[in-house]
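Think of it as A, B, C and D in the order they're written, each chain with its own count starting at 1.
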Amino acid sequence: MLDAEFFCRWLTLAASWVERDADRLTALDSPIGDADHGSNLLRGFRAVIATLDEQHPDTPGAVLAVAGRRLVSTVGGASGPLYGTLLRRTGKALGDAVEVDRDELAEALRTGVDAVAGLGGATPGDKTMLDALVPAATALRTSFAAAREAAEQGALATTPMLARKGRASYVGERSIGHQDPGATSSALLVAALAETAGASGEEDTSGE
Amino acid sequence: MLDAEFFCRWLTLAASWVERDADRLTALDSPIGDADHGSNLLRGFRAVIATLDEQHPDTPGAVLAVAGRRLVSTVGGASGPLYGTLLRRTGKALGDAVEVDRDELAEALRTGVDAVAGLGGATPGDKTMLDALVPAATALRTSFAAAREAAEQGALATTPMLARKGRASYVGERSIGHQDPGATSSALLVAALAETAGASGEEDTSGE
Amino acid sequence: MKMLINVAETVVADGLRGLAAAHPELTVDVESRVVVRRDAPLEGRVGLVSGGGSGHEPLHAGFVGPGMLSAACPGEVFTSPVPDQMVRAAAAVDSGAGVLFIVKNYTGDVLNFDMAAELAEDEGIQVAKVLVNDDVAVTDSLYTAGRRGTGATLFVEKLAGAAAEEGRPLEQVQAIARQVNENTRSFGVALSAVTTPAKGSPTFDLPAGELELGIGIHGEPGRERRAMMTSGEIADFAVDAVLEDLQPSNPVLVLVNGMGGTPLLELYGFNAEVQRVLSQRRVAVARTLVGNYVTSLDMAGASVTLCQVDEELLRLWDAPVSTPGLRWGM
Amino acid sequence: MKMLINVAETVVADGLRGLAAAHPELTVDVESRVVVRRDAPLEGRVGLVSGGGSGHEPLHAGFVGPGMLSAACPGEVFTSPVPDQMVRAAAAVDSGAGVLFIVKNYTGDVLNFDMAAELAEDEGIQVAKVLVNDDVAVTDSLYTAGRRGTGATLFVEKLAGAAAEEGRPLEQVQAIARQVNENTRSFGVALSAVTTPAKGSPTFDLPAGELELGIGIHGEPGRERRAMMTSGEIADFAVDAVLEDLQPSNPVLVLVNGMGGTPLLELYGFNAEVQRVLSQRRVAVARTLVGNYVTSLDMAGASVTLCQVDEELLRLWDAPVSTPGLRWGM
């Protein structure tokens, strides 16, 4: 079962991976964007970790809600409200439970991903974070490892796509051939989740 | 003997050499100046030629006076008033004579060079056009070829000098090691004079 | 790439400290990143709040003051500000007459301002919004995030600001802002790529001898790359691109805007060509503004914005304004 | 190096055509290269004529207008104008009260203005001169052409302009101009070299990771090259260099001036550091101006100018001014 502690470990690992990969994310955001995705997430995840350290929320839902609100108030740009909404709505869907299993998380994540789609108006194939998040949420029903793999494949699949949402859409045809930074960071977050689960022996927390 | 025609030929040749060497003069004016000496003289000599074509002054003195005035009103910068004064005062010293010999020109040029020194307050060794003009005016008493050689040597000798006048003085010690653009263009003007004299068989026009 | 900065992380805060020192007539909250005119809130007057990423100076903080914005929220470089800033700004300028949010049409700006509007309304502030989307380089808006907000922002902020200063009610100020946006179009070119402090190197490669046509103000490449053109050719291209979208029957306000790295001498020369094209196309020019107003850090290049005005809008344009970036009549 | 120009030969004329189109309140003689405020000559008022090479915009043509210059003579890029321009300008603005020539201390400017003064006096115009030489980077003035005129020019033009606008006689306007110059000092740094249209490539090599200290505004290299410094370190260096020469007992006007290629965001951040140093050195600041005013085409970098003022000079600074480049109070 996954408790508040688990979600804090996930976000801490995610933050350290963002720290490590910030320059790569910013570089991906250069040819088809405005070269800030890495520094945006860096700022956001540093703030999230500081707030979690301070507030110690005691349910999975509260951890994600706090983290999401913090992203909204520190990131800015497109990814701030989108990732903020993802975590907040996923957290809200988890309710007050002190522990949740993988299935419950998969279902809540689906709600969160739907909220992202609703907010930004994008669908898979538009070359956005949804191209990693949507398959990841589905695959999470199977396993953490499958979610990781699905997100990774989803991110890679954005390369040949023509961007239809966000800043990359401005460059039109020239967006083709570049991997989407948001899909890449989404894959990173999902990979951190799987890594945390693996390290905690949680690959089998499914209720089934 | 040197008539108005001769002086027009000189200035025409000088103008074509300025045309050819403008980029080099501007390049010399870059490390120790403001990168405009070539384009300054280009503008000035084009205007001089146009005016001479239009006005056909009929004495050596008038040719130089017209050319000098034209330089003053088209060049700007330091070299405009200085070269303008050089030609105007040399021309004035030649008086109304329809023809002059080399000695007379040498004497008039000395007056012109003195006027440049008076106007700009520089003396030889300050790394300016005077380092070419002063020895050239002296050597012209001997021959056109000697004047050319003296001006050329004078220009080369500016390289190790520390600039004490004009823009190059601002960079202090860093002016050392660069040939002065104004001395270089002076050597070019004197060389054009010698070349014109040689082509006209005038090397022997001395009154002596 | 060398910059006149301390470290990339503090450029926005450092800039705000410097703004505060130079402009005592503004209240600058460096911590919360909100810039407010000192006399706000003004009884019975609508508050105008704008904001967006930093790096476009003087936009927006440089347009705060009498006759223009009531407050601005600068985000990180090229990054939309966060809702907290906007809510704080709205609260600082609302006198009960309501607040107009001026939002440039970028996904980030739209989402953050939307969230802010909800939060501000929860606090009892009446909020109206205007979306600025004038950049004709972004076509097929069905398949994109829609046209970007660029040079029109200056006209929206100035004209709506003059209307607010006159004490017009919120719906009217919003209607004027929308009217301005609908009558304004822009097109920009880049001669060099931009370098952000965070990245430290140009955001894209632009070889010598080529330029980008149809660029935005965030360092993103344009729609098309061509062999370098003369200022006259660029003026033809840019003005015609705008006129394809906007056929003015009334006179226009012209903004010949520098992206930041192009010398003013070149901008004035470019303006001469822009005016030539406009007169060839029989477009009457009411006023012209030349300078660096909606910039993209050190990017070399320029944009042309045309804003069609009736007599009322022209009067609002000429109305007094006193901000760090735009000032006349007072 | 790409530029937004037609050809190098016409940049100044093109710029003047563009200035004329944007500023109907100026009389721009593109052919003769003289820019005059439309209402000149003003009965009983001293005329203020300035000039210098182009490439420093808005200086000087952008400072023509009520409360500042009566006329400006733009030369070729970085090249002093010629006497004909200055004589024409003097004739256009002289009402019989005489004309003050504002001359930056460069050999070319000095020689050309001297010739012009002679010619103008031949035409019966009373001419007085003021020499601006504020750049502390040029030391040992015995062995140089003397200190350069840089940022102080703006203060001389503004304060003498305000005095002329009040109807003060020529000697008084000249005395004020001299007082301002004597109480003003500047120091500049470059992060990149400048590229002139005529040369088309940077005037000197400045490797990544190094900066030039003590530069002028004509693309000449500085006195010293150092490893890149932070904006705080540069502020310490520049302010201390100025204060070594000028120990103000009165408050100062501060100009944090961009050389053209440095974003306004960075200039404001630099201003924050300049203000920190001034407060550490216990120098009282009366007013601060931040922006690109005395530029060097696309050069990246900035200069700091301090102008010590008494109450009278401060009053003249605050007096209304209305020019393309500097405007307040009207």
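Following the convention adopted for this analysis, contacts are C-beta pairs under 8 Å (C-beta built on N, C-alpha and C of every residue); 3 or more make two chains touch, one makes a residue touch a chain.
Small disclaimer: the values here were computed from a predicted structure and weren't measured.
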{"item": "Neighbouring chains common to chain B and chain D, by label", "value": "none"}
{"item": "Touch-network distance, chain A to chain B, counted in steps", "value": "3"}
{"item": "Whole-Å separation of chain centres (CA-atom averages), chain A against chain D", "value": "54"}
{"item": "Chain A and chain C: spacing of chain centres that average the CA atoms, whole Å", "value": "32"}
{"item": "Inter-chain centre distance, chain C versus chain D - centres from mean C-alpha coordinates, in Å", "value": "29"}
{"item": "Touching two or more other chains - residue numbers and ranges from chain A", "value": "none"}
{"item": "Contacts with two or more other chains, residues of chain D listed in rising order", "value": "77"}
{"item": "Chain contact topology (line, ring, star, complete or other)", "value": "line"}
{"item": "Those chain pairs that satisfy the touch definition", "value": "A-C, B-D, C-D"}
{"item": "Residues of chain C defined as touching chain A within the complex", "value": "8, 53, 75-84, 106-108, 111-112, 114-115, 137-140, 143-145, 148, 196, 198-199, 203-204, 216, 218-223"}
{"item": "Complex contacts: residues of chain D adjacent to chain C", "value": "1-7, 10-12, 14-19, 21-22, 54-55, 57-58, 62, 77, 191-192, 208-209, 211, 228, 230-232, 234, 256, 260-273, 275, 285, 288-290, 292, 295, 297-298, 300-302, 322, 327-330"}
{"item": "Parts of chain B lying in touch with chain D, wherever the complex brings them together", "value": "26-27, 30-36, 38-40, 43, 72-82, 119-120, 162, 164-167, 169-172, 174"}
